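Each chain gets a letter, A, B, C and D, in the order it is written, and its residues are counted from 1.
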Amino acid sequence: MYENTVLGKAYFTRVIVDMAAMAERERDYLAQLDSPIGDGDHGINLSIGFREVTKKLPEWENENLTSLFKKVGMTLLGKVGGAAGPLYGGFFMKFGEAANNKEEVTFDELALMFKSGIELIESRGKAVIADKTMVDTLRPFTDALLAAVEAEIEPLTAFEQCLQVAEKGRDSTIPLIAKKGRAVRLGERAIGHLDPGSASSYMILNIFYDNLKKELA
Amino acid sequence: MYENTVLGKAYFTRVIVDMAAMAERERDYLAQLDSPIGDGDHGINLSIGFREVTKKLPEWENENLTSLFKKVGMTLLGKVGGAAGPLYGGFFMKFGEAANNKEEVTFDELALMFKSGIELIESRGKAVIADKTMVDTLRPFTDALLAAVEAEIEPLTAFEQCLQVAEKGRDSTIPLIAKKGRAVRLGERAIGHLDPGSASSYMILNIFYDNLKKELA
Amino acid sequence: MRRLINDPYEIVEEMLQGYVKAFNKQVKLLEHDGRVVVSKNAPKKDKVGVIVGGGSGHEPLFLGYVGDGFADAAVIGNINTSPSPEPCYNSVKAVDAGKGCIYLYGNYAGDVMNFDIGAEMAAEDGIRVETVLVTDDVISSTDVEGRRGIAGDFFVFKVAAAAAEEGHDLDGVVAAAKKANANCATMGVALGAAEHPTTGKEMFEMDSGDMEIGMGIHGEPGVRRGKTEPADAVVKEIMDVLVPELKLVKGDEVCVLVNSLGATPLMDLFVAYRKVAEILEELGVGVHKTFIGSYASTMNMPGSSVTLLKVDADLKRFIDYPTNAPYFVQI
Amino acid sequence: MRRLINDPYEIVEEMLQGYVKAFNKQVKLLEHDGRVVVSKNAPKKDKVGVIVGGGSGHEPLFLGYVGDGFADAAVIGNINTSPSPEPCYNSVKAVDAGKGCIYLYGNYAGDVMNFDIGAEMAAEDGIRVETVLVTDDVISSTDVEGRRGIAGDFFVFKVAAAAAEEGHDLDGVVAAAKKANANCATMGVALGAAEHPTTGKEMFEMDSGDMEIGMGIHGEPGVRRGKTEPADAVVKEIMDVLVPELKLVKGDEVCVLVNSLGATPLMDLFVAYRKVAEILEELGVGVHKTFIGSYASTMNMPGSSVTLLKVDADLKRFIDYPTNAPYFVQI
């Protein structure tokens, strides 16, 4: 079914470049989201990490998808720190690992890469849905993506539907009390605030989608 | 000529009470004058000093004019510090000394009290006219008062004329470069600013005048 | 922003370079890891390695307490952000003297994740690393395990470091650190936000003239926000939480830390301590030693906190142990 | 206002009471004069009495430097205002050991008037009191005599105190203080104003994002005001004044003090020192010792200064002399 949606180094490189651009563009917005219920640095953390990724990206031209995302993940892990460093860093390392050292993957394989990534976040962060974290965006998205692939839905349509699920997941964090991360100590005071990690996750997923559109157009 | 203008304890006590009220009322204004060309505390200094004077005033009921103003001066000297403490403190000590331990003085004797006071300021502060200090208000005023007394001008008229001289002296500080006090280091940057000490001196002289009006009315 | 900086993305590196240049008699940066400040005398023969760390922006916290008689190393993260695993691991390699190491830091999820990975990496090299989380911020959670670590870091670090210097083994150092942490309680008040060099803006909004009781050192929300009240009333509100928390009774002894978050003048801390001392006197609680200053800051945040450490003979000896760290010298 | 106070008219008294309670092992207030902080060990037999002082609001300046190996007494005025003559006199009576006393303070007209009266009163009792005015603020006047004293106070006080401890007589202590002062130069930059507890307002106006080079520690206007520039550029501008002022050449040695006026984070001071060190290295000027922190503040004023003290063997020995004053401990 998905034999024709082959996503290669070019696609993923563009995704990386766009994530880095997003981290700059949304830096202050994401930092601001992190201010009432965290420590006001989420966007800054991502921008520090992705600046380093951007700096090193040219050196990674000859990597396969696994080693490329391992380097992305290691860079984030090494440069970011905080919660986002190990979580996003680990996510991308596992995301790449699932590409089995290939140079390109099909759409259903991409779904498995997301699955592998979110599992790392869950095991490292010990968060489940409704804990008011990035898991609220990424887990429903991944489940929907796996289901869509199972149902053999056409890639762009599938991703678009899953993005809606991700968006709903992101927004579901607003009324929640946090069970993980800095916002835990706020108790009821966290209610009414969007979780910054769920917001950045949604932005990242959007970048995968936008480039998919370009790739398949 | 001045035998009928007898100024006693009641007059001087009202002057003291009114100076204390002035220090409160004008505290922030005088502090503000002191901010661009000094250290922003002149009004606060006076208020600290006169609060203490107010607190002790009831204990001084039985003092004569000399010992009363010695206590006023000592209190300012002890409480205020800075430039204003020794200058105004010394002023009032000398002002009282010139009353020669009397309970009341005539208008010409009052003039001599001012003379004695301003001389202390000049000798302690080593400032002359046009140095941009309180001397610019007090010295012309005192000279005019001594001249008016010499010319046997009627007290209220005399004081009123002298106040105008004092006001001109105060305002003369505006275009000056300072030669004494904190403003010295500003050089040309002091130009355009009223000297706070010359402003507070003018207020004090006004209080003497207002109570003179009440006394002689 | 009322700060002078260069490139905000280089500020942590520049700070560390300036720091080790200034205090090159006591400390250095690891050659292969610019985020690890190490005591010139580390590793010390037969001594447990004492490693502290966390995000930067809390100076003198972490780096200022590395030196003789105090911590062996500090691992430094980005501003308000835990260090990443690599320098956590590298610090162990640098200071371990065969007796194992202790990680000491404030209880924040990000720090735990990163230091834990560092400890796992060290474990693979056969080095035992134990962790004691500081949880002195009484207001941040009702259950003790969930509490944040703030100014109490100073007391817990000091005690653990002295225990290590005295020759206790890793279990003994861990026990001393845990005891200090259990006997330590802090409550603070914020009067405004720090300015983040990267955004150039205040990290949260707070009107001048307002205060927030119980706010965390990263601006994490506290208990209540309102107009400022007289210093004595605020100190009393704080002491009314700390005293029962530590179950202080007549005859007990404490160390007191009145801490500035950065932009609160010493003058105000002395005024606050006057009331702290008065309250303790009334209770018949003795004061062994008092510390007043900016021991754990949030850059230029206006606000302060009071920390009490209930002490016995052992804790007093550990607190009094001499040290020559650049930001805490004690004879 | 981003401060917690009680009655602003009581703030100096409350501060002093809190201070001496906190550090009662080292200092006390004179029983008959609550504006004089005295070392518990004063008067010291056969030693020249070292008395520092000035307005309050510059903490730890003055009171924090009273203690063993440092000043014998500090005379404390109202905020930003010189003390009055009485406590100046009382401090002499309290610490004189028959060898005379030295008054050390920043060169401000108000301070001179009040301390001079104090000295006259002491002279009437037959006690010799000499005065050395600190004039390190290079920007405040072209003629050296007219210059203000700012952070350089710390170096001049330290040198004079050590000379006294070493047993020099009054003339020797005066000579040491004068030498330190002559070898000391400071230049600062302000980024805003302190908040005065009495008015509850900032003491002058300055937009966030602006700076004023050369501003005094009471907010006395400086050389020029403009938009903030990168830290390195500002440090360079400062060093370009200090280095020729002290005629530093290759092979010279200095002590460096990077001082916060109150609300400037240590982080920024370390960043600034990095550049100071780089410039000195390029010049081939050695650094004997570095001091970074808030050594002379203006309450919560944002801003900082760099002080250089050109040192020879004597000055180095004086600077290194051990002390246990509450705000400057040195082993």
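The definition used in the following text is that contacts are C-beta pairs under 8 Å (C-beta built on N, C-alpha and C of every residue); 3 or more make two chains touch, one makes a residue touch a chain.
Just so it is clear, the model here is predicted, and its values are computed rather than measured.
Student: Chain by chain, through touching neighbours only, how many steps does the shortest route from chain A to chain D take?
Tutor: 2
Student: With centres defined by CA atoms only, which chain is the most remote from chain C?
Tutor: B
Student: Using the touch rule stated at the top, which two chains are linked by the largest number of C-beta contacts?
Tutor: Greatest count of contact pairs is found between chains C-D.
Student: What is the distance in Å between the mean C-alpha positions of chain B and chain C?
Tutor: Each chain reduced to its C-alpha mean, chain B and chain C end up 54 Å apart.
Student: Centroid from C-alpha atoms only, then distance chain C to chain D, rounded to Å. What do you get?
Tutor: That gives a centre separation of 28 Å.
Student: Just give me the whole-number Å value for how far the CA centre of chain B lies from that of chain D.
Tutor: Centre-to-centre distance between chain B and chain D: 33 Å.
Student: Taking each chain's centre as its mean C-alpha position, how far apart are chain A and chain B in Å?
Tutor: The separation of the two C-alpha centroids amounts to 74 Å.
Student: Counting only residues that touch at least 2 other chains, which ones in chain D make the list?
Tutor: none
Student: What's the contact topology between the chains, one of line, ring, star, complete, other?
Tutor: line
Student: Which two-chain combinations qualify as touching?
Tutor: Result for touching pairs of chains: A-C, B-D, C-D.
Student: Could you list, by residue number, the parts of chain A that touch chain C in their complex?
Tutor: Touch residues, chain A against chain C: 27-28, 31, 35-41, 44-45, 47-48, 51, 77-87, 89, 124-125, 180-182, 184-186, 189.
Student: For a test of understanding, state which residues of chain D touch chain C in their complex under the given definition.
Tutor: 1-6, 11, 14-19, 21-23, 56-57, 59-60, 64, 189, 191-192, 194, 208-209, 211, 228-232, 234, 256, 262-275, 277, 290, 292-294, 297, 299-300, 302, 304, 322, 324, 327, 329-331
Student: Can you tell me which positions in chain C touch chain A when the two form their complex?
Tutor: 9, 55, 77-86, 108-110, 113-114, 117, 140-141, 146, 148, 196, 198-199, 201, 203-204, 216, 218-221
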